[in-house]
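Input: structures, listed below.
Here come two complexes built around chain A, the first alongside chain B, the second alongside chain C.
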Partner chain A sequence: MTVHLLWIINQSGQLIAKSSFTAQNSIGELGAKPDLQLTMSSILFSTFGMSQELTPNANPVDSAGMTLLEFAEHNVHIYETPSLVKFVLVSDHHTYECNALFRQLHSLYVEYVVKNPFNIIDEGGIGQPIRIPAFTEAVKEAVDKYHSHTQQPAVKR
Partner chain B sequence: MTLYSIYIFNRYGDNIFYKEWNRTTAPQEGEAGLVAGFIYTLQHFSSQLSSSGEGGFYAVRTPLYKLHYNETMTGYRVALLSDKDLKTDVVQNILRKMFSDVFQRYVTKDPNYSHTQGRVITSTAFGEALDQFFHSQKIL
Partner chain C sequence: MSQQRQVAAKLGEVAFDSGEKASAEFFAITYGALVQQMITDLPQADDVEVVNQQLDTMGRRIGSRLVEEYSARSGAPACRTFAQAADAVAIVGIKMFLNVNATVQPAEESGGDTFTLTFADNPLALFVELPEGPVRQRLWYSNVICGVIVGALSMVGFIAEATFVRDTLRGDATNEILLSFKGREKETFKVEQ
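The block that comes next holds the complex of A and B.
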């Protein structure tokens, strides 16, 4: 498994955290223009809602939001917490499942962000970015464990 | 294997064909436009992540269903909604074959069909041939 990018999107659709784990050119235009990630994460948030609306076999118990996007060069994994925070991972196109990593990232989010009394969730209704260095380090440590040794070494940013 | 519905769009974004099989939720108003916008957005997202800039969008998986996507170089796009366990590479091959065999024979070679903006496929032969094709591929 190679993880290129992590986004955390809050319940309003705002990008509150982003971390890159591989070289900038591994995610094309999104690597070359980091500001584009703000736009694309909002668009992904809307698209998630659309995938729920398009469900041809809806049932009241399960959410039908998209969990995996299969592209030619990457797979995009999406995990929505019960509090509607979304974790998005961009991986290589051979990786089809990363639930264990998502659960670990969710735990780190709870431990370092939710429990932090100084973390500001939003200001005037606008979600604030996560600026907790310990959280950033813990995330990188968690993702590095999942970078397989059988892959050629990823260039760390 | 279960198929729910199929949408075919031309290069103008018009929904030129729609068919449903086993869906349990009724289609909502304007759903074809929503599907068109949905697949366009994801195709664009894929091209932005791609090193070559060309992208390549294959499928969206959700806990309840899966949407498979394929497009021709002439701009015809297909979105096939199926149950979530249908294999992506199997369906990619089937959709490619659908365009080169069924679509080519019953739409492209149909003298009554003109490939202009807003033109819907009215021939019943294509719908029937599509059913037979999916049956022969054992996904319907």
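The block that comes next holds the complex of A and C.
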């Protein structure tokens, strides 16, 4: 149950935070090319919107966007807040849900970012990358704890 | 109270209980000092509407951040309709942050897009007696609450207006805010037909 990468995408589609938690080569080209992360996060933002619009669900107002993308080597998890901020986690392909971790990351985002009166909140499409060292540190700590908790069953076995 | 509202009321109570507590008196006195400073700073002593506007603007900034705390900590689901949003504001949000029991009902003859939020207690106005004159006549002392509501709703896609219509500080029997739906924020993505 390994988490490789976190993106936070604001409601305008801007990548406002990214954190890696494993070696660069664990996510292929995405690890080596920061510009590619900007491009891919924009594509993911648009695709998420399309998934809401194109759903076969009879009542589109009630449709959530996609929450899990499964690939051969990785899964991509997406969590959208009511204010349309999206948290994206790239994990190994054995991990099928990260809900508790998402809720914890959302709480950290609230405590360190949203409540900071000098951090600009997406006003009219103008976002601001998150440059708050305490937040970055808290995120890494949360993911490290997540890793140590989810590794334990394997160790016991 | 409908079952949905009972669930919402429980969410508000739990969210309030789980939050850290601070002295209500300190909060009220701090707010009072802020309002008093705004009135003192007025270039024209009777231009009280300026203070109402400043409180609203400040409230919008507060609300745009508070809504994130609301969604992270209350666990309340996203609102799909404005009626649901009005319920959430009155029953969960106001309870969660102010520990005030507010009621909400559709305004008469509004066609379903205007709601009245009513609450008897106002923790912002704990020790306040407004002086006679333009301040008592025209100041909406707790106008920051209206700004908070509008700012919070705009972050989750609802364009709204909120105005006080009754205030115990002016001698009314209770406090009442009129909350009107003005539209939806533009969708972030639209498939061209």
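The criterion applied here is as follows: the second predicted complex is superposed on the first by the 140 of 157 C-alpha atoms of A that agree within 3 Å, B and C clash if a C-alpha of one lies under 4 Å from a C-alpha of the other, contacts with A are read in each partner's own complex, and residues count from 1 in each chain.
FYI, a contact is a pair of C-beta atoms (placed from the backbone, for glycine too) under 8 Å apart; a residue touches a chain by one contact, two chains touch by 3 or more.
These numbers were taken from a predicted model, which means no experiment stands behind them.
In the overlay built on the shared chain, the residue A:84 is in contact with chain C alone; chain B does not reach it.
In the superposition on chain A, contact of A:27 is made with chain B only, not with chain C.
A count of residues in chain A touched by chain B and by chain C gives the higher number to B. Once chain A of one complex is fitted onto chain A of the other, the partner contacts of A:13 are limited to chain C, with no touch recorded for chain B.
Looking at the shared chain after the overlay, A:110 reaches chain C, while chain B stays out of its contact range. Judged by the touch definition given at the top, the superposed model places A:49 against chain C, while chain B stays out of reach.
Once both structures are placed on chain A, chain A residues 46, 50, 52-54, 62 are touched by chain B and, in the other complex, by chain C. The residues of chain C lying in touch with chain A in their complex are 61, 64-65, 67-69, 71-73, 78-80, 155-157, 188-191. Note for the complex: chain B touches chain A at residues 4-5, 20, 22-25, 28, 31, 34-35, 37-38, 41-42, 45-65, 67, 81, 83, 88. Those residues of chain A whose C-beta lies close enough to touch chain C in the complex are 11-13, 46, 49-50, 52-54, 61-62, 81-85, 103, 106-107, 109-110, 114-115, 117, 121. Interface residues of chain A, counted against chain B in their complex, comprise 25-30, 36, 40, 43-44, 46-47, 50-59, 62-74, 76, 90.
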